[in-house]
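What follows is a set of structures to go through.
Next come two complexes, and both contain chain A; in the first it sits with chain B, in the second with chain C.
The block that comes next holds the complex of A and B.
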């Protein structure tokens, strides 16, 4: 039976090539856009680079300080002093790593200028994140504590500065300081902003220790626990600490602190719906807004397909009439038309997936998103398949319903 | 004629309603693209108010807070040593950089009127070097130091918005009632200084004066260079600065490159949106085309009957396109009822009435043309039906 439907569908598609083309075009483009967006989103939420253990880390990169009346507010990143006096009191996380945030710098090497990002970190940074080393190694606790002038660079930096030669053992001068490169890691995709940089050096090599006096600054902290469930408690402990026993500068007049240790989803939704005086990150709102946008985007192509399918039905009214006259039930016809429409969406969907792979590949090649890497992955493929089915059902059910209810007499006569 | 066409559409309202919905949504998409395109084009046409050629900025990025007594001396040293470089033509102070969204804003209550503006500071001759135009009053002058007031310069937009009668020279814009507040006296009006670049709104803007001898906390030094910058110079300056004050980080960027990256920040997402919208519109156009084609084929009898009763081919063609135009117009009207709420309720501050109407009319023109194009060929097919063939079925 199913085979029969498929054969009929194939014949119908071939008979009206133009209609089939319009349908395929619409489905494949819609799915292509959705797939590209979900792949980019997927690479953010499920990182493949150093943040691949994303479930084991939470990041603190925002701190809002305010007074009781909320008329004097400072928001920004954390200062070293705040981290030292508050964050280091947390008991739950197994490891806490802090880094100075990354900043751009110009590096001059053999008369050539290269713009690169530098991040100053501790040695825990290499334990909480899962970097893939091409050659060499990370700096150890000992090297960090002694303030050794050692650096880890990414492949891009190695390529820019030393060409095909190995960077390990080479000297790298940053400002007036000269660092020895001890390791080379794979490029970090730009969406992994916690790990992101081109060059990593120990922050103990700073020329002065002035940075230790600041409550606000440009620092990020990463909390790590090998068990994600316990890590959630670390966030609760942190918020509790902020509410009840936070230590702040008396001279600042600030009495309240708002911050949180966020997962990837939480930091994104916090950026979008930020609310200075709350610990809430509004993920539910974020998810519903995103789902709403996707539905809105699918609305136009769906209506378009419904329209096309409805009008195609006119042409087949005599076929329906004959089948009804020979005793086909409404249910059988409904099934047939839904299968037809799903088949069409499936074909369009496969085309859409191929197109999206091409687009993603060209985004990678163009360097529009630095260090982007979008390999084919099963999760996105399943999302795509799901979207195809939803799409096929949305655009197929109404026309099929309408078609199957035609009365055989009018259908045979060719009317509607 | 129209009433007649309308009646026919009404008779087929069930099959037309989905087409109308499709047109309404497509129209909203076109409208959104038109608003963004027209708004950015208009903004791009407004002069910047300054020149960015050969201008460079040294950005000082302290790793700790500003120390009043210590850091001003360091800053003076930095200024003096950079000034001595042969490539540097002139050197000025500017607190907030151009082509970036770093903004300082203030708002005060003067005589019951709320005055809010963006502010910046520069030194005495900066305006001339930046190539700004003076419309009224004077620029800052050395005798402005040690006065019992702070001189400020305001832009034309500030005057237009808050002093419509045009008399602003000598007026105060500081809230004198609050403690330790000094008078801010307007000494001049300049045409404009669009700090946030070509694709930003024209906003009220106020310059305060900074003194090259006592710069206070200024983290930006603007250089006008005599020629193109070479890496050797850049390296020399950055290393010199790092040696002078190792506690800071420094960057040296040209206004031009900052401008390009800022324009890109706006245009890249807009281009992506436009491409997606383009795909949607092509999809809709092809959909309409297909539906109409099908429609015409299934109405063979009706059209044949009309031909037999003496309708001309042109008449039939007109009827098909006319029907489509009316359907399109209904769709646009439904979308319009929704869209008109936006400027009425002031949902988007940037969407004012002139922009709304211009965008609406261009979107309408586009939509109607598109519909006419989609209807042309199916209409033509309809005229090719010979009456005898059509009536054969009856």
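The block that comes next holds the complex of A and C.
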């Protein structure tokens, strides 16, 4: 019977070539967009680069300072002084790492100018994140404490500055300082913004110590614990500290501090539903809005397809009447139409997946997103498959139900 | 084999109720060739639809082989239609993108049967109506008379006990009508098929054993 359903479905598709094309076009385009978004989302929420231990880290990259009346507010990244006086008092994290945030700089090497990102970090940076070293090593606690002029670079920098030669042992000039490269790591995907840079050097090599006096600056902190469950407690401890024991610069007139140690999801939702005077990250709202948008995005073409399917009913009503007259039950017809709909969506879905892989591949190849890498991923594939089924059901079941319940007499007359 | 007891059928529209059939009592015996006549809109087709279990009466009982079917579920009624009844329509109702053989096979799709068996039975039915040579054609490649013969092959392929024909010659010229009528007569006489045929044509009705006349939703003798 199933084979018959499939053969009939195939014949219907061939019969209504334009309809089939429109349907396939709609489904594949919708799914392609969703697949591209979910692949990029997947690489953000489930990093494959140095942030692959994302469950073990939480990032503090935003601080809001305000006075009691909330009429004087400053927000931005953290200053070194604030970190030293407050963050370093936290007991829960196993490790705390801080870095300057990456900034662009031009490097002149052998007469060639190259624009690269530099990040100044501590030695914990290499312990809290999970970098893959191609050659060499990270700088040690000793080298960091002594302010040694050592640097780690990524593959891209090695290639740009030294071609096919190994970068390890080579000299690198940053401003007036000369660093010795001691390690080369794989390129960091742009979505992994905590780790992202082309060159990493110890911040103890800074020419001045002015930064040590700043409450606000351009610093990020990473809290690490080998047990992800405890990290939630670290955040609670941090928020508690901000509420009750925060040390702020008296001269600033600021009395309240709002911040948090965020997961990737929380960071994103806080960026979206920005609320200066709250510790809440609104991630439930974020998830609801995202789910709502995805549903809406799928619902619109689905409604379109329901319309197309229902109008197609008119053309097929005589066939429905004949099939019923010769013994097809409502259930058998329902199965027939659902299978038709699912096969069509499946074909559109496979097309959509292929298209999305092509698009992602061209995004990778174009260099539009630096160091983007979107490999075929079983989880994304399963999400895609799920989306296809939802899509197929949304757009197929109602018309199928309506078609199959048509009275044979009405159907034979060509109406419904 | 088919009995209608006190059958009434009315259609309710927004404002008015139209009575299509009123208090019909009818019994069709096995092997009979019955014609149903009456003016347009008198309820002939509604009567045929109720006999063919395509429509439900508003009141009364339809019995197939002395069993009342009013409590049967959709699945059971579908099976009865599949096994006991074959339909022939005025406008043939062939599915245009299926080949002749696939159209004829259609009732067998809803039975537990191998594809090979289906093909054999469909070929035999087409042979019976003289269209074996056309099995791979599509309906639109055939004349009206040939299309109606395909429809008859489809109606008889499952060896139903009763054939219900709703003006089977209504869309055909006199020569083709005669051809179809002869075919129905052969099926009735040789295969002992029970046939109920709605017609407007007095000449056709005369060729059947019994004529039922319907007027304003009622049987007139």
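As a working rule, the second predicted complex is superposed on the first by the 413 of 416 C-alpha atoms of A that agree within 3 Å, B and C clash if a C-alpha of one lies under 4 Å from a C-alpha of the other, contacts with A are read in each partner's own complex, and residues count from 1 in each chain.
Keep this in mind: contacts are C-beta pairs under 8 Å (C-beta built on N, C-alpha and C of every residue); 3 or more make two chains touch, one makes a residue touch a chain.
Just so it is clear, the structure is predicted and the values come from calculations on it, not from any experiment.
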Discussion item. With the two structures overlaid on chain A, would chain B and chain C clash, or do they fit side by side?
Written reply: fit
Practice prompt. For A:409, decide between first (touching chain B), second (touching chain C), both and neither.
Written response: second
Item to complete: Measure off the angle at the C-alpha centre of chain A toward the C-alpha centres of chain B and chain C in the combined model, and quote it in steps of 10°.
Response: 90
Worksheet item: When the two structures are overlaid on chain A, which partner does A:299 contact: first (chain B), second (chain C), both, or neither?
Response: first
Item to complete: In the overlay, answer first, second, both or neither for which of chain B and chain C A:103 touches.
Response: first
Worksheet item: Does chain A have more residues touched by chain B or by chain C?
Response: B
Discussion item. According to the stated criteria, A:318 is in contact with first (chain B), second (chain C), both, or neither; which is it?
Written reply: second
Discussion item. Going by the contact rule set out at the top, does A:17 touch chain B (first), chain C (second), both, or neither?
Written reply: neither
Practice prompt. Taking the superposition as given, tell me the minimum C-alpha spacing from chain B to chain C, whole angstrom.
Written response: 7
Worksheet entry | chain A residues within the chain B interface of the complex | 18-19, 22, 25-26, 29-30, 33, 100, 103-106, 108, 111-113, 175-176, 206-208, 210-211, 213-214, 217-218, 299-301, 303-308, 310-312, 314-315, 368, 414, 416
Worksheet item: Considering the complex alone, what residue numbers of chain A touch chain C?
Response: 1, 4, 11, 14-15, 318-319, 321-332, 407-409, 412
Discussion item. Can you tell me which positions in chain B touch chain A when the two form their complex?
Written reply: 15, 18-19, 21-22, 25-26, 29, 61, 63-65, 231-232, 234-235, 238-239, 242-243, 246-247, 249, 251-252, 268, 276, 279-280, 282-284, 286-287, 289-291, 293-295, 297-298, 393
Practice prompt. Using the touch definition up top, name the residues of chain C that touch chain A in the complex.
Written response: 49, 52, 54-55, 74-75, 78-79, 81-83, 86-87, 89, 93, 95, 97-98, 106-107, 109-111, 154, 158
